[in-house]
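Below: one structure in structure tokens.
As written, the chain order gives the labels A, B and C, with residue 1 at the start of each chain.
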């Protein structure tokens, strides 16, 4: 099947998953969260876990589970102002139940809008402070007449559980690459269906690779409290196994990738993504690490764990953020596929990076024996590379660089950066040299030296 | 009592001490030195030490003690050209006794002037080469008539002692901050009454602090030979205890502070003073370390000791240096108070700097529990910080930075520099966090980690 | 004898050696190589070694030995086109024997020229791929008439040996400085008689020094395969003994020196040559290390050996390279003497560089005791340095710098670079201080500290 056809099929599948997930009213707990994990299980073999309400997790505690059936606000003339059925954003996420008649002034304390975007319904949450409320477009809010309103929210806060899931895709090494995303946001596209959808399809791509050097851990959690719960349980295991990792957030939209460095600022993924952006192999921009903003990398990168985890985003700091305007038209399904493509490219090159060993490190290798060097020494080198595995002087130079620095102390990326090569070019050189059994690796730092 | 009143009272006390010390004829040994230490004892509890003439101290030897009673030069017409009573600078410091009649040509070999400042009486010393001589204004020198002069100096060089003193102000830690100044210069203001007066009043300020993290050692010595003698005795103890230190010299005058780095160039005081100057918390300028010029830091920073000691000065490299023009009008008493203020500010922030530990380093802390985080997540954060201990998003960011890097491996100054905060701002954040028992410290580098 | 006369005598001797070596038909094996080593033995006590054909050396194998007696090409009219006697470059180096009559079209497959330099005879080799051929000026090639040609090469490829030699010039330390050059190139001047001739005369200069701190190892090998064979035998010894080293190549011609850094990029020679170039003590330019081009430093700097060896060249990347135009007029004998001068200067300063110890490191030394400091302290210092060993304030500063940093952890070069001094100036200061027994050294890094 042609690659283009495959791409088109995948695009349709991406849209199908999007359309299944979008309408669900997700939160950090509850039926919407469980339904979301169940749908994702069609795409990758998720193992699910639950943590009971009240369980202490690190410095936090699992809250009561939130369930909502229906909710609406009726105006003085009996017409519906908002209805949960129209858009689940209309209800303050984690809203207490309410069934009250009250006048406009009293009601306004429970209404949330975005005055600067009068047509947008905002997404507002109050997980840990009991509140009830409705979210609506500011122009609706402004035209509310005086009079009696009936506020009705049929929700429950009960002792239940918090749910999360992960899938482990094994590779040659037990060292793991973490891909973490979150599944608690209700009907918004970029923030945050882009992450879980991209992660699910990325899994399928990696599954298709002929071999994987690393093991891949895909984590789907409610943001913040879910990650806290995940770390409370799996933290020690992650400290032992995670070689590098990514949090995916806001990974859709018509914008270049941006990458927030890990707290360590020089992990293997930090370095290779910086290289790929700076050599324009992928269009993107590096952001510094900061604990002040961002997503779940703040917990992975808390000082006790200090895991080598960065964060990858696309559309970020955008006006439609946390409103009903964050929808499929804004992000486009094509941008999700682009994210899958670009992350796969990063990981493919990442798997080649590492520390190699020249098998004959004493003196330069007699390369003409391996069809890798001209056998006539003359100033006219026009025919020198005919029928050679290296096609020109530039490739020969790259090969000499790789052999000289394949000492277990300089990574392939170190070589690329020192000599201004692209790591994708050196990947080809590594393949030639391994075919001739002149190179072993890749190894991890310090694993083997001459 | 209002702060302004306290300031005025202190200013009067500074001037009183200045006026008591100025007239004394000090030298590296002798009665003037002892009288000076006795007066300073009224301001801080000095412990005094003496070293006998002839004692070997490091590569040096304590010289004979110099005493002077009176001295004058009478001209051909019987009138006095100079008199020790008028100004003790008129006599070459450490001058041998003399009682000779001699003609102008012979006399000139014993006269010292500053041709480019014809009204200035220079300060000249000859401690280790026997000489006698007079110092006078160059315009007086030029008008000396031919004829017979009577040179009379009633001085003695006898086997006596060299004196120095120190005061130890204890703190919670046995680690010490050294404040070293010198007390051998005769009647000049900036160089050098500014150092001992500033040190004496700084002691009183630190005494008033509710607590001191470090112990403070105030050292008063004759320059060079006194420091050599001090190090001969206390050197090993200093190597063990000194955490950081300052030599005070030329610390008066209408000029910004300048700080000469220690030989190590990155001691805790080097770094915090650089930070305070570069963030304009204090107006000042950094000078590099050099062994070629300066004061007693050259001995503290000799390669065998290599103590973490820098040097703080104000008016420095000035035309009135080492002349009778270096007087109270030049420096002003207000500038001495400014030095006390600024050094106290440095030390106050210095005591807060150090390595902290986040008590809940695994995952981000649930800050709303401690009234440190908004409890509603909405795009409109206008009310979010009402009644919170952090007053705005910027302070919340600072708090998140401090918690994330409070791992025992990043000092408060490291955080300030990495995120372009001022250390005085982070001091406030530390206080909030310690009140909530979320942070322990400060510790020394490597003392504790997660 | 005046220095100028000595220079002239040496210049004549340099030319004499050049004229003896130039005509010989050298290759990587064979009689020409042996004759060259024999002639060089008149200048330094070479110890010669041989390695039999077929011997495995690292990743290589010693090839058959090449011998050539005579060779010519006769044209259709019976006249000689080229003759080995005219210029040994006319015969493809390592040419198989041939005695064939063939037409022009067939012959052309065996002819080598440089079209862009029509008057130049190129230097072409085929050591490891059996070929026969002639090299000639492109304008001769273009005027060859159609017809029958007689190609005659009386050469042999027999089981013989590969030869190389070295001379060890002992010094106080067993640590060695390597000077390596190659002796396999036939009649060309810069590449490569410049290296062996410069090395031979450099040996004589070093022999004349009153003392040598280091031992010097002079190596004369056929390029590449000879160095490989040398390393196969002496590699472990070199790894143990070589402190720093130089490959000499293309070291003649009217151009400034250029220095290619070692693979380590900060060896002692890397650093001092960079200093001498940057302070313009010697005119020159630094080139980065690269394994892609260059000479035998590629083998010394292969990852298994990683020896601290750089490469020094003068005329480099020049149009006459590897042709008959690379001759005595191009390089001039004077340029060889300049290379000897400049390398000797480098090594002389290199021997002074190192780590010193101040014998009285506690406090500043009382320098007036040693006639190194003024004994009167006055603002007028005009007479202060009369009869002192330091002639002015600048030299006194240099002396204070050397004493302060003579702690076994800062090299003389570190001091020069930190304070923007020239190392030749500090050499004088070291001599003054050692005369007064105030300084010991030089030591190697880490050998001794306070």
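By our rule, a residue touches a chain if its C-beta (ideal position, glycine included) is under 8 Å from a C-beta of that chain, and two chains touch if they have at least 3 such contacts.
Because the structure is a prediction, the values reported are computed rather than measured.
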item: Separation of chain C from chain A in steps, with touching chains one step apart; value: 1
item: Angular offset of chain A relative to chain B [C-alpha, multiple of 5 degrees]; value: 120
item: Geometric centre distance via CA averages, chain C-chain B, whole Å; value: 56
item: Of all residues in chain A, the ones touching two or more other chains; value: none
item: Interface residues, chain A side, partner chain B - complex; value: 58-61, 112, 114-115, 122, 124-129, 131, 224, 227-228, 231-232, 235, 263, 290-292, 298-299, 301-306, 321-323
item: Chain A-touching residues of chain B, taken from the complex the two chains share; value: 358, 360-366, 368, 375-380, 396-397, 400-401, 403-407, 419, 450
